[in-house]
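This report refers to the structure that appears directly beneath it.
Labels for the chains are A, B, C and D, by order of writing; each one numbers its residues from 1.
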Amino acid sequence: MIQAGVVGATGYAGAELCRILSGHPEAELAAVSSVSFEGKALSEVYPAYFHMCDMICGTEEQVVEKSDVIFAALPHGLSQELAAVCWKAGKVFIDLGADFRLEKEEEYQEWYANSFTHPELHKEAVYGLPELFREKIKGKKLIANPGCYTTAVPLALAPALRKGYIEKDGIIADCKSGVTGAGRKPTQGNHYPELNESFTAYKVASHRHTPEMEQTLSHIAQSPVKLTFVPHLLPVNRGILATCYARLKEGVTMEMLESAYAEAYGKEYFIRLLKKGQVANIKNVRCSNFCDISLHMDERTGTFIAVSAIDNMVKGAAGQAIQNMNLAFGLEETAGLKLFPPAF
Amino acid sequence: MIQAGVVGATGYAGAELCRILSGHPEAELAAVSSVSFEGKALSEVYPAYFHMCDMICGTEEQVVEKSDVIFAALPHGLSQELAAVCWKAGKVFIDLGADFRLEKEEEYQEWYANSFTHPELHKEAVYGLPELFREKIKGKKLIANPGCYTTAVPLALAPALRKGYIEKDGIIADCKSGVTGAGRKPTQGNHYPELNESFTAYKVASHRHTPEMEQTLSHIAQSPVKLTFVPHLLPVNRGILATCYARLKEGVTMEMLESAYAEAYGKEYFIRLLKKGQVANIKNVRCSNFCDISLHMDERTGTFIAVSAIDNMVKGAAGQAIQNMNLAFGLEETAGLKLFPPAF
Amino acid sequence: MIQAGVVGATGYAGAELCRILSGHPEAELAAVSSVSFEGKALSEVYPAYFHMCDMICGTEEQVVEKSDVIFAALPHGLSQELAAVCWKAGKVFIDLGADFRLEKEEEYQEWYANSFTHPELHKEAVYGLPELFREKIKGKKLIANPGCYTTAVPLALAPALRKGYIEKDGIIADCKSGVTGAGRKPTQGNHYPELNESFTAYKVASHRHTPEMEQTLSHIAQSPVKLTFVPHLLPVNRGILATCYARLKEGVTMEMLESAYAEAYGKEYFIRLLKKGQVANIKNVRCSNFCDISLHMDERTGTFIAVSAIDNMVKGAAGQAIQNMNLAFGLEETAGLKLFPPAF
Amino acid sequence: MIQAGVVGATGYAGAELCRILSGHPEAELAAVSSVSFEGKALSEVYPAYFHMCDMICGTEEQVVEKSDVIFAALPHGLSQELAAVCWKAGKVFIDLGADFRLEKEEEYQEWYANSFTHPELHKEAVYGLPELFREKIKGKKLIANPGCYTTAVPLALAPALRKGYIEKDGIIADCKSGVTGAGRKPTQGNHYPELNESFTAYKVASHRHTPEMEQTLSHIAQSPVKLTFVPHLLPVNRGILATCYARLKEGVTMEMLESAYAEAYGKEYFIRLLKKGQVANIKNVRCSNFCDISLHMDERTGTFIAVSAIDNMVKGAAGQAIQNMNLAFGLEETAGLKLFPPAF
């Protein structure tokens, strides 16, 4: 059994990692750490885990020592040092934070006000979006797991962009996220009475996930892509819905688009291309590693609309991280991840 | 006191009309009708109204007879005949349905599969969006009250369009609505366990409000405007958030936009232009007739983003209808409508 | 116009006071204070209040100076000193906290770990539950406004207890409250993702409102009453539902109970006795000062069941405080409080 | 592999059965039926099931033919005939409806207005609450699966009652259920805008689960037990919280109660006895087969309070049905049921 450790296990992504790993046939949870809850059982923090995962939170060092693969679910900026330790120790390191996602240091500096402390490691890091970059991930030891929006949006647009069916400018990603994306720490904005029955946009056209999406889409388009990204906060726990708009190139038909998506994703276990007439819904992917995608066209205005839905904590975080682990260790890619979304 | 009647009083818009009218200083509820609940008290249908409005639902005829102004909150297609009756009787008729909203019969036929049964009345009808067409509404007897999306989107875009600051093509209106917009009749999609914790788009680029928005914006721009409209369903009761995107013309600055909106709306009681850094939120307009608008710019892509929020049942239906009544009767426009939104 | 001031205006009860006072025909908001937001406008804290109440938060002293009546919405323990200042200045003081609710200092010490710093003031204080103690409140200058549970439960049980129709022991009050009752300060338990889709009891048989309920019910029964009180937290913003159980004395019939309640509450504007077959629901009293009560009987076990519903922030806090102000100043008791609950 | 069939697969309990069975190591879904959706794939009814369970709904007959065990998730009254068919064919029949739950025909007639059409089968039927009646269930072919409330309440009270620590009269079960308990069919009361932000009791002291609970508790107490049962409807999808009150016999201490529960449930996989200071919460058992129980005492009034939480669709329906299947076939009782509840 692969020994898996989780650093930052008491945050939402960390807790979800522990839960999903408990059902993995070839990996098992070896150790967990938490700065805030060191010495406490995970089930004291999450009573839902009582009797299922009562492991005591230790230190980062203990996790590294006991694990073959270390998942880091840390605030941005805290992963580089840990990655260096793991790299030296020959361990696989999968970072759920942003430290290794951006390839260009100047972008990292601009959006995160931080620099590359270990530039040599950034050369080793691969971007862990398997449906787009699978071959690069296999067997790697340092994987930057994408963020939630940055999974949902590129998956929705990649096939159309790769085929050159849509214009590379004027793309709009209007996204709506469940509240768990904002983390476990209580804030005024996420206090129940303030968020309940509310809905708004935030960080309008200024969210840090913007350059990450552009980087991915530029690789796919093989030339620079810019987009306008506006995230919104939904009064639900889980899920991201990305409604993506792009101008269609002349002569592109719905059939051509459907073929492009079928070709790109037809064999992907975790992507479900919906049938005509259906629209992706966050409800249908809850607690699963699926990304549902529906394709639409506004013929009146020549606009392509792709709607994608993921569970921000699974395909948008913990599930995809385990998918990357499976690729890194040469396991079946779906191992431990055939999660059946509940109907309600 | 103006005698006000509500046809279709047991639907959500009708019920909201009765509630708001109860606080009007110069109008009072004279009669209500309901096909489904004839003979029953409104408070039997809505127990919240017990002791506040126990009026018995009668027939359409009774409402017309007893009222100076008739509000029709009927399914689309049922208003034209009633409008003719009211017109003949010299009453003011305010239609919350779609029958008189579209000026061109061919658009009405295309989107509603219905025809103009009283073309002469359509010539008399005015479109009741006071902040854009106030002068045309004053003193009129036949008013088409706009739909909810068709209030939120044009108000968000009109000043920029009027000044020619944005391109007339490529406009995108990504809208999110509370569930009351879908009416009181139970459906599978709005059954609590199915809608709760869900979020999706519907009628993607094919919703009937599209031509209505284009009609309004074309009047403002004084040339044809087309837009892509995608509505989504939020798991909340009330509210519409419209996130509108348009390409900026060269040289247009944030200051120019802010001036345009201040000029257009600075004196409007019901429009609140938010300060820089704030974003419109449906929570802040609940149970009020306000339309909150915030302006944003994506300089990286040259995109203008206007976000507007209304209560779909007030500014998007009953409140605006009463605002139109006030204009029709020469009352203070805000009479009965200075509704203070609760903080939570 | 009566000048009304609110100390602690940025908490939920304080904010609700400001909102309801804005519609009062004979009182107006004179000043507000907030320790946390001094110098900020109320509408910066609650953007819903923008343009409706942009008053700047000042100090406690400023509020006292400018006001005829001071509402204190402060954490428990902070009101006694302020009450003394107001008393000396001849102002009316209405305390929404617990400092003056309990008559016996030993109970206050036991449940609040605090003592009576101004015992002479405690003798002047009246308990402001108008439907039970109206005559004592009229014209008074120091009023202890009841808590939310302690309004809902005594109103549900008082008529049966006064008539001696139920046993005085073995009473159970199983209550369920909306989240605003826990205040505006973010906590882990009220963080959206943790509370959403959750439901539990808290402070089981150990909540501070217990002695307050017993005090009220003992006055009504004219002999000591003890009860078991278990509060639960509902994932809704507003409302308290109290399901109260008591053993019926022999020979008591439903008709006798209905008569007792009709006699006690038939003329009360704010109490709505529901018709047979209906059950009190928090939805129907939202944003209103109503207390809905339904009566039920389990003949199989000889159990009386009274269900009451209030809006915890209105009849359970701000609304009742204004009702008390009206009594203190000799105004119409319903002035400013004929609030029409929305249907949805 | 055991071939398992589900009759009524498109209802909530049926759909949940299909989902949980998909993860069972020794059983597989052989066939499903639905009167309303015959000929359609289960994933057309529940898009969440797309690619996970696309089985086509057939007829009841087809299910019986293809299956070793038939789960019936039918409206009350429709199971007896089907049970007879299965019995004759030598199949195991597990009924999620009420037809075989009550032992006395007069109670069935009184509460369900129906009679025993196959009295000989009622003699064969066992009541499938494994933690209380395990030995009777093993190897049986006709099992009446308890309802949701009737699982939560007896499990909460049984150990105290068995030991004689509480009085047998005066027991109160104040229960709160998620909406899925009311089924998939849209109703006015469960229409999203009407249920959202609402909370009320229903069928006060007259719910059909009352005699079923009394039957179970009377078996445990070995003498007649009556209780007062009031269900409430929570605006959440899943879960039942049962707050149960009983008078303590003199001399009974918390330690005695804790020992009784530890003795009764200490080895039960699906019952989690919470530690002192914790309270059962429906959140912590979602999507799992757990029943969480916390014990409390009101020393002031001599009242025992037991709070239990289950997922109404798992331990209260589908999960327990599979637990019963495991017992019927001599499998490991937890097979396919070690479901890890998500933290959020």
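Observations on the model:
The rule is simple: a contact is a pair of C-beta atoms (placed from the backbone, for glycine too) under 8 Å apart; a residue touches a chain by one contact, two chains touch by 3 or more.
Computed from a predicted structure; not experimentally measured.
Taken together, chain B and chain C share the touching chains A, D. Set side by side, the interfaces A-B and A-D show unequal numbers of C-beta pairs in contact, with more at A-B. Of all chains, the one whose mean C-alpha position sits at the greatest distance from that of chain D is B. If you average the Cα atoms of chain A and of chain B, the two centres end up 38 Å apart.
Between chain A and chain C the centroid-to-centroid distance comes to 46 Å (mean Cα coordinates, whole Å).
Chain A and chain D have Cα centroids lying 37 Å from one another. Multi-chain contact residues, meaning those touching two or more other chains, occur in chain C at positions 12, 180, 193, 197, 235-238, 281, 283, 286, 344. Those residues of chain B whose C-beta lies close enough to touch chain A in the complex are 169-170, 172, 174, 176, 193-194, 197-202, 204-205, 210, 226-228, 230, 232, 234-239, 241, 243, 245, 247, 279-283, 286, 296-298, 300-301, 303, 305, 307, 309, 344. Note for the complex: chain D touches chain B at residues 12, 178-180, 184-188, 190-193, 195-197, 235-237. By the touch rule above, chain A contacts chain D in their complex via residues 12, 15-16, 19, 22-23, 46-53, 180, 197, 237-238, 272, 274, 278, 281, 283-288, 290, 292, 313, 340-344.
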